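Structures follow.
Presented sequentially are two complexes of subunit A, the first with subunit B as partner and the second with subunit C.
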Partner chain A sequence: MVDFARVQKELSECNRDVTISGIRIVPQSDNLLHLSGTIPGPIGTPYEGGTFKIDIILPDGYPFEPPKMQFITKVWHPNISSQNGAICLDILKDQWSPALTLKTALLSLQALLSAPEPDDPQDAVVAQQVLLSPVLTPMHPLDFHLSFFQYSLVSICVWAPQYLRDYPTFAGTARYWTETFAKTNSIGNEEKVQKLLEMGFPEDLVRTTLKEVGDDETMALEKLCPG
Partner chain B sequence: MYSRRAGAVVWNLSFSHPLNDWEVGDFASLLTLLESVVVTESVRDRRVWASNSSGRFYVKAYLEEANPGGIVAFPTQLEPLSALAAEYQSGSRLARKNKGLFLCVSVHVLGEEYAAIRRTRGDGNCFFRSFMFSYLEHILDSQDKAEVDRITAHVEQCKKTLQSLGYADFTFEDFFALFLEQLESVLQGSGNSISHDELVTRSRDQSTTDYVVMFFRFVTSGEIRRRSEFFEPFIMGLTNSTVEQFCKSAVEPMGEESDHVHIIALSDALGVPIRVLYLDRSSCDTGGVSVNHHDFIPASGDPHNAAGGSSDTINPIITLLYRPGHYDILYPK
Partner chain C sequence: MCWAFLFQQNYTILNEANIHQRQEEDITRVSTVLSITRVSASILLRHYNWSVSKVHDEWFADEEKVRKVVGLLEKPVVQIPNARELTCGICFETYSRDRMNAASCGHAFCSACWTGYISTSINDGPGCLMLRCPDPSCGAAVGQDMINVLASDDDKEKYTRYLLRSYIEDNRKTKWCPAPGCDYAVDFVVGSASYDVSCHCTYSFCWNCTEEAHRPVDCGTVAQWILKNSAESENMNW
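Let's look at the complex of A and B:
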């Protein structure tokens, strides 16, 4: 049974100093089991200036069991899946303790953005990118799906994180993804994005196209429908 | 999972982590069990252990099916120490691991001083579970109001320690409140006092005990951090990690096993003397038929315990039996 009184206290505690920490948690439903958190990208990293949204689901045993957290905002990071936002972090698994809170967990995610743990990668693509194509320009999100397909054809056991072997490439890609998916203007665009999504265009394509045409919905649509 | 090599079935089992010494015995019995399995390849595969209605598999459901007589509830009822001796003779799980005629002798030596044993759940929280039951039982039996007042003052002090270390109140207050509630309930005449049977029942309740275990983990962590200079060398010797890392990874998460560092910290923080008897291979080093024990006497300088001074004048409130990876409660004669 989730301790709702505690969750309530956690939310008010966290949101009280949101101006200092930049970390916010709001309920997604009225029963407090489904929340969403936002963290600012750490300054001095490729994530700077971005706002990252995280989906939070509280399991039955909370706070004895860890909250389930997943990035909703797409992010390029060795410990975060670029496909579904799944996070590889010990405190969200066996190192969770009831002494931790949702806020401290989000702070840990922010710390993870500043200091990736390359020995424990979640995203094989980010980890393998350099290994397979030694000369890479920052990766465009649109190329990503194709590349992922190519990469997944090759099964490689050696983890060689891109960010360690070729930090500039890694940082360039991470910054590009931050620009495209995590900047406030792309978040402010939610309505336009939603409309285009409903027309059946893929999300990555919609966001990048909108960005290319300066958030003009009509122009984006024209660009999306060739001919 | 399995392959055939020269007509014989070979099982390819993979592990998510290296085997712990207490798991070796279990693994050996699994292999023995697998040996008896005849695989008929012409028959289609099917699930034997069905999922429940929501499509999930539960170990608990399986256990219930496999043990129609019921699962042993922890803490167990009091068992005479001869049960422990019998366990070693019949070569049960723990005993096989400890391989031992010598231990057999040790158990008999143990029997000269101790009358009974109460087993606790082996889920990595067993030290704290044993401490909880043993302490509450002591208060229930002794009705020592002065002791309750003393420990309550210590608990208050622990709360201040956590606050000064920067823990937000709401992270620990529920756990503290639940422990104090349990403490009050074992004192008779408080209105909601409970019987011994009820203490056993309550100690089997997952939710209540998890809260109390977490209370102890907070107290232990707070004490280690408060006196980090004192604990640092112990921790470095044990895990080669910093005090901060140790508290975060080995004290505060549920299910992390307790070592002497945890015992010293909890004993000091709450001012409760603890005796631990060690029944492991190290007992062999003594050469004779004795069982090693260690008394954890709360650090001096403590106003509540200053009277003692020499360690043999302090009677441990709690006596635990340690076998590698597990603590149970012992009852002196």
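Let's look at the complex of A and C:
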């Protein structure tokens, strides 16, 4: 059902001007139904300097149905789940049009990074969780890594309250996440992180330790195992 | 005189042919009064919940605004280029001009893509009655004329069903008979004294709450009674 000829055209068109747009789409599998896209963090935002990876799955009805997109890179943003990367964006839902393309959708995601929409109607259950949860006291980004797991329990679009109420904290956290998760070298590090995670170390500790020792896996391991 | 009024039937039972005929009459009326095509009249009526008077009021108050909201453009927003071949904005293939179609706005797409677009929308539900041009920035309405040219027979059939159902369900004065399997609809004179309606299928119901006829008890009491009956605790009390 998927119009593969169109997908191929889209890919070659998008990758032709990758130097100008910075937006890249590559197939994940050989059947073109599973792709991944990367967008650079917009300049002048807390996401500047980061490279954000997005998982793209084309439904059967593509291009008449919207592509399913999800951030793989962790992002701190009112409309993106900090837990699983799910995106709140109208054009990926009911406002999709077959005249839009993967590239225009990724451009819209980039625009969403520059201009969050904290007023967008969001998950009521999560919103309630926000109101009830003690987790929500505004937090200094430096203290952040201590309660990473506590934070990541609350998902999606939750950060809207913080964005509205305490922009400096929001921006600080967003920048910290960009530094930690979206910098190119940290993407290359993913394998090392995975290895250390499998040994049972907590993710935030693994990432900070790796960073401290200049991404040297052995040194990080030594540091992680005291004595 | 007063008594005669009470005994006069304040509703009409409609079968499918009646519904169709009324819908056509309403479309004809609007189309004649506003001097617009029947397809445009149908789109307008659907937008204003099939109220002929509402369509007239809105249209004569501010035609331009109505056209904009509903998506009835007076002239194309883009001219179809005079080239022999055009590129479809959905599949990006190039086709000769005669294989391209556009709504009133002029945004041209190839027939295969139109068919796919219309089919996806029709299979998504009655929202297809308010279909717009696929161009993201364009609000031009896509009417039944285009559906009839571009959709498959199955989809056309579904569209016609939705249009008929919309005439009953979106109209303030009509409702389907709530009896299971009954295809009759009821046209009710809003504001009449008695809510009792007796359908041709022999089912008698209350127009207001669509529960079984319950005069002289009021609808609120009936709702409470039904709730009480359905509550498991009452069975336990027994």
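By definition in this document, the second predicted complex is superposed on the first by the 170 of 227 C-alpha atoms of A that agree within 3 Å, B and C clash if a C-alpha of one lies under 4 Å from a C-alpha of the other, contacts with A are read in each partner's own complex, and residues count from 1 in each chain.
In this text, a residue touches a chain if its C-beta (ideal position, glycine included) is under 8 Å from a C-beta of that chain, and two chains touch if they have at least 3 such contacts.
Because the structure is a prediction, the values reported are computed rather than measured.
For the overlay on subunit A, clash or fit between subunit B and subunit C?
After superposition on subunit A, subunit B vs subunit C: clash.
So in the superposed three-chain picture, is A:Ser97 touching just subunit B, just subunit C, both, or none of them (first/second/both/neither)?
Both partners, subunit B and subunit C.
When the two structures are overlaid on chain A, which partner does A:Arg6 contact: first (subunit B), second (subunit C), both, or neither?
both
Taking the superposition on A as described, I'd like to know which of subunit B and subunit C A:Phe64 touches: first, second, both or neither.
both
What is the contact status of A:Cys225 with respect to subunit B (first) and subunit C (second): first, second, both, or neither?
It touches nothing on subunit B or subunit C.
Please pick the stretch of subunit B from 63-71, 171-179 or 189-197 that overlaps subunit C when the two structures are superposed.
Stretch flagged for C-alpha clashes with subunit C: 171-179.
Can you list the residues of subunit A that touch subunit B in one structure and subunit C in the other?
3, 5-6, 9-10, 64, 95, 97-100
Which residues of subunit A touch subunit B once you look at their complex with the stated criterion?
Per the stated touch rule, the residues are 1, 3, 5-6, 9-10, 13, 64, 90, 94-101.
Tell me, which parts of subunit B touch subunit A in their complex?
Spelled out, the residues of subunit B in touch with subunit A are 167-168, 170-172, 174-175, 207, 210, 214, 217-218, 221, 248-249, 252-255.
What residues on subunit C touch subunit A, complex-wise?
Touching subunit A: residues 89-93, 107, 109, 113, 116-117, 119-120, 134-136 of subunit C.
Show me the residue ranges of subunit A that touch subunit C in the complex, using the header's touch definition.
Interface residues on the subunit A side: 3, 5-6, 9-10, 61, 63-65, 91, 95, 97-100.
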